[in-house]
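Can you read through this structure? Questions will come right after.
Letters are used for the chains, namely A, B and C, taken in the order the chains are written, and counting of residues starts over at 1 for each.
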Amino acid sequence: MAFAAFATTEAQPQTTRRKSPIALFLLLPGILYLVLFFLTPLISLILTSLQAPSEFGDIGVYDYAFNWQNYVTVIQDYWPHILRSFGYALLATVFALLFSYPIAYFIGVKARRRPLLQSLLLVLVIAPFFISFLLRTLAWKQILSDESLIITSLKALSLLAPDAYFAGTPFAVVFGLTYNFIPFMTLPLYTTLERLDTRYLEAGSDLYANSFTVFRKVTIPLSMPGIVAGTLLTFIPAAGDYVNASRDFLGGPDTQMMGNVIEANFLVLLNYPAAAALSIILMAAILVLVGVYVKRSGTEDLL
Amino acid sequence: MSGEVQAAAVLGGLTESEELEDRRGPQRPRRRRIGLGDWLLPVYVVLAFIFLLIPIAYTFVFSFNDSLKSNIAWRGFTFDKWLNVCNVEGGAVCEAFGNSIVIGLVSTVVATTLGTMIAIALVRYRFRARSAISLLLFLPMATPEVVLGAGLAAQFLAVGVPKDMLTIILAHTMFCISFVVVTVKARVASLDPALEEAGRDLYGSPREVFWRITFPLLTPGIMAAALLSFALSFDDFIITNFNSGSVTTFPKYIYISASRGIPAEANVIASAVFLVALAIVVIAQVSRAARAKRLAAQMG
Amino acid sequence: MSIREFAESGADLELVGIQKRFPGFTAIEELDLTIPAGSFFALLGPSGCGKTTTLRLVAGLEEPTAGRILIGGKDVTDTKAHQRPVNTVFQSYALFPHMSIIDNVAFGLKRRRIGDAQTKAHEALKLVELDHLAQRRPAQLSGGQQQRVALARAIVNRPALLLLDEPLGALDLKLRRQMQLELKTIQEEVGLTFLHVTHDQEEAMTMADTVAVMNKGAIEQMGAPEELYELPRTAFVANFLGKSNLFTGDVVGTTESAMTVDAGGHRITVATARSQRHRGLVTVGVRPEKVTLHAEQPDEVADRNLLGPGRVIDVSFAGVSTEYIVAVPGVGTMSVFAQNMTFGPVAHEGSEVWLSWDVEHGFGLSDEPDESSRFPADADTQSIAVQRREALITELEGS
């Protein structure tokens, strides 16, 4: 998600820009592709979300209609999932931010004079990307399972109540979401912190601010673009995720998120209109939240 | 720069941080006084990295597990799984892995080509509907995967296209294009227009200037975009799940097997992929650092 | 001339009625210019005056809105950059970072399918004394070396016309001097026509045989450097090319050889032949180094202007010379450069001085003097301070 990247070049005028038929030739194939495989599917999704069950009552067969009742039904049926999705995603975003900021600060500011160390730490940040997302999540499932070495030894040492468990809890789901999206948070934070001019920090302490005040009043505001980009990059995929919350992974019956019900309705129950309506709700909610968030944080130019 | 783009840059070993040198303040002699913050932060960072790497280590260790069908409890060390990766479930893991590679390669080639063309057009040309096009490129990245997957699936259903390898490739190409555009666009924008002008001035025809100047200079950006595309495609599960029909990719195989237990062979493949990717990136980074050092030495 | 063969010598460049508009502004109003073959021509002007646009038009990197461009008598207006017998040394050098030095230099030759490109490229590199670095990449060279490679890459093609876009701008003073000398030598050896664009008046004057001063998209004055300096025709030239003391007043008397101007009660005489206007309100001036500083009131001498008494308000030592700023009631402040022939300044801040200069050294400008005279009649300290401040501001903005 290119919240920042889309802005960087838009700001500086390019002197070489000119009108030419070549532009059309360059743009047309890709744009056509996106219209065909992104835009029309979205429209398809809206149309599907308004479909009514077939007159003949076959399962998985629907007729085009304007059955907006579908939206009412899914909200009535799935409001806990909707709330859960955004709640879990919000928590995961906050935890990922708290976890990542010091790392990004260390790599971007403290390790600045050692380029090799900096590069290798960055490699370590994205290392989890190199191993399957699903296997990472499964590994946590096994590490957090009741029989695992860590849990049993924690219990043996009485550091954990004997009846405590993690598997299938909201904690495990939020934990998994946080873990999986940490690189998405760390990298944009790193990018802005890496460009932070340390002379501003020196100016801050020169002007009688202690290191905490410098951090709060100088470092944080200057890294705002990274914070906004990182939180969006974490929040959006986390809200739509259904692997972590799935019963076979870190979730349980009471942790199902919107993604899970969309998947179930679409692929198992073949209730396409319900899945489509939920998808539209998810997307609309995210767009509204992102819009409000970006406006409030004063970083519109990032979009 | 976005997370993925940054990741792409790291993947390609191409983070060009040297040029930022003077903007970031002069080099300071290290403070002698060692305060709380001086060791607290490094200690935290070390612990955080250990935490980040736990599941990777777990996956790697359990690729040597002498397990039976499922790979949960430790049953002793063996190399068998590494030596006979495909000898399980009639080679289902390897077939899924092969599918993922093919899908990744094809989507990468298509997405990189289309995305690079758009990126060049966006930076270099003026045209109408510019903001509409920017929005069209931005939205796929701001849309949750489950919506992208469901949308395409709804579309294929409406049109009556059967789901197979082709539908997966179409889907993967779609979500990769925007990431390619962002990655390559940054590179195009940082390209000094005077270089191409010099090419024209030195008797290069438009075609020669493109292939001898522009394209080679964009190559690092295009390579990074391609690596990113491949990584996104290879690891994608959610969109694939909606559009794959009976075709199994590597992530989908893991998802399906999760309820009955993942064979250790899946860990072998994931670990091997991890090691190869890590080797590529580390070599790229180290050679870049060496190159920078050599350059600095020659400049005196 | 085909681009497949070398130019035998430099060619004339003619710009006829050139106009260039960009969306939102006009870079060049109307430009007519002829540069004879074999000359070293400098276009001098502040940033935004249209000089770089002119150069890009000649190179074919921009198309003129109106007008024709002729090289060696041949109309090239509709010819693309790669088909023109013109090469450019870019301001940023624009060396291809992905090619070795030798490949950079041979690039143009190869595009033109000229045989033996490698040998010719090596010869060009020898000319700029960089052949030993032929296999390196541009990033491994210092700024001065890169500049020489850029030069070699251009002259190896033997263009009829070589364009230089502030190529010395990025170099430090010492390297600049060295490169200036080198460029001059190469021009004399190779005999090309050089068109040099710069905002540095010293660079233009030391290198070019003809300088055209550009301002706001038009040429203000053109001529040999000495001519421009000694006899500026407009206030812009008088101040862009070195410094000038300017006085505005009515012409109060004219003889065959000289005219006298009343500037704030002081009579200043200028040779008629050195003045552009001879009636009404005119601006006349003199260069600061032509003015002599006197500690005591000198005797009136024929053919010599005398002003004073004034008060020294600032003394700044600049090594070879010292600049004195003198406030003269009625005309405001004047600048005087005095060679440092003795230790220490000849006058101190606050001391009373008289100023004199030869009538032959003055010049009269063609400008319509501004409504508000540059020097208010009442030269009290406050108005001087305001003037100084404004002058400083414009100086800072100009740099």
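Assume contacts are C-beta pairs under 8 Å (C-beta built on N, C-alpha and C of every residue); 3 or more make two chains touch, one makes a residue touch a chain.
The shown structure was predicted, so the numbers you read here are calculated from the model rather than taken from an experiment.
A count of C-beta contacts for the chain pairs A-B and B-C puts A-B on top. Ranked by separation of Cα centres from chain C, the top chain is A. Each chain gets a centre from the mean of its Cα atoms; for chain A and chain C, those two points are 59 Å apart.
Note: centroid distance chain A to chain B, computed from Cα atoms, is 17 Å. Mean C-alpha positions place chain B and chain C at a centre distance of 53 Å.
By the touch criterion stated above, chain B contacts chain C in their complex at residues 192, 194-195, 197-206, 208-209, 212-213, 216-217, 295, 298-299. Touching chain B in their complex are the following residues of chain C: 3, 59-61, 80-83, 86-88, 90-92, 94-98, 107-108, 111-112, 136, 139-140, 142, 153, 157.
Contact residues on chain A toward chain B in their complex (touch as defined above): 1-6, 8-10, 12, 14-20, 22-24, 26-27, 29-31, 33-35, 37-42, 44-45, 47-48, 99, 102-103, 105-106, 110, 112-113, 115-116, 118-140, 142-143, 145, 147, 179, 182-188, 190-191, 194-199, 202, 211, 229-230, 232-233, 236-237, 239-243, 246, 248-249, 258-259, 262-263, 266-267, 272, 275-276, 279-280, 282-283, 286-287, 290, 303.
Against chain A, the residues of chain B that register as touching in their complex are 1-7, 10-11, 13, 15, 17-18, 20, 23-28, 37, 41-42, 44-45, 48-49, 52-56, 58-59, 62, 72-73, 114-115, 117-118, 120-127, 133-134, 136-148, 150-155, 157-158, 170-171, 173-174, 177-179, 181-183, 185-186, 189, 193, 196, 231, 235, 237-238, 241-242, 250-251, 254-255, 258-259, 262, 266-267, 270-271, 273-274, 277-278, 281-282, 285-286, 288-289, 292.
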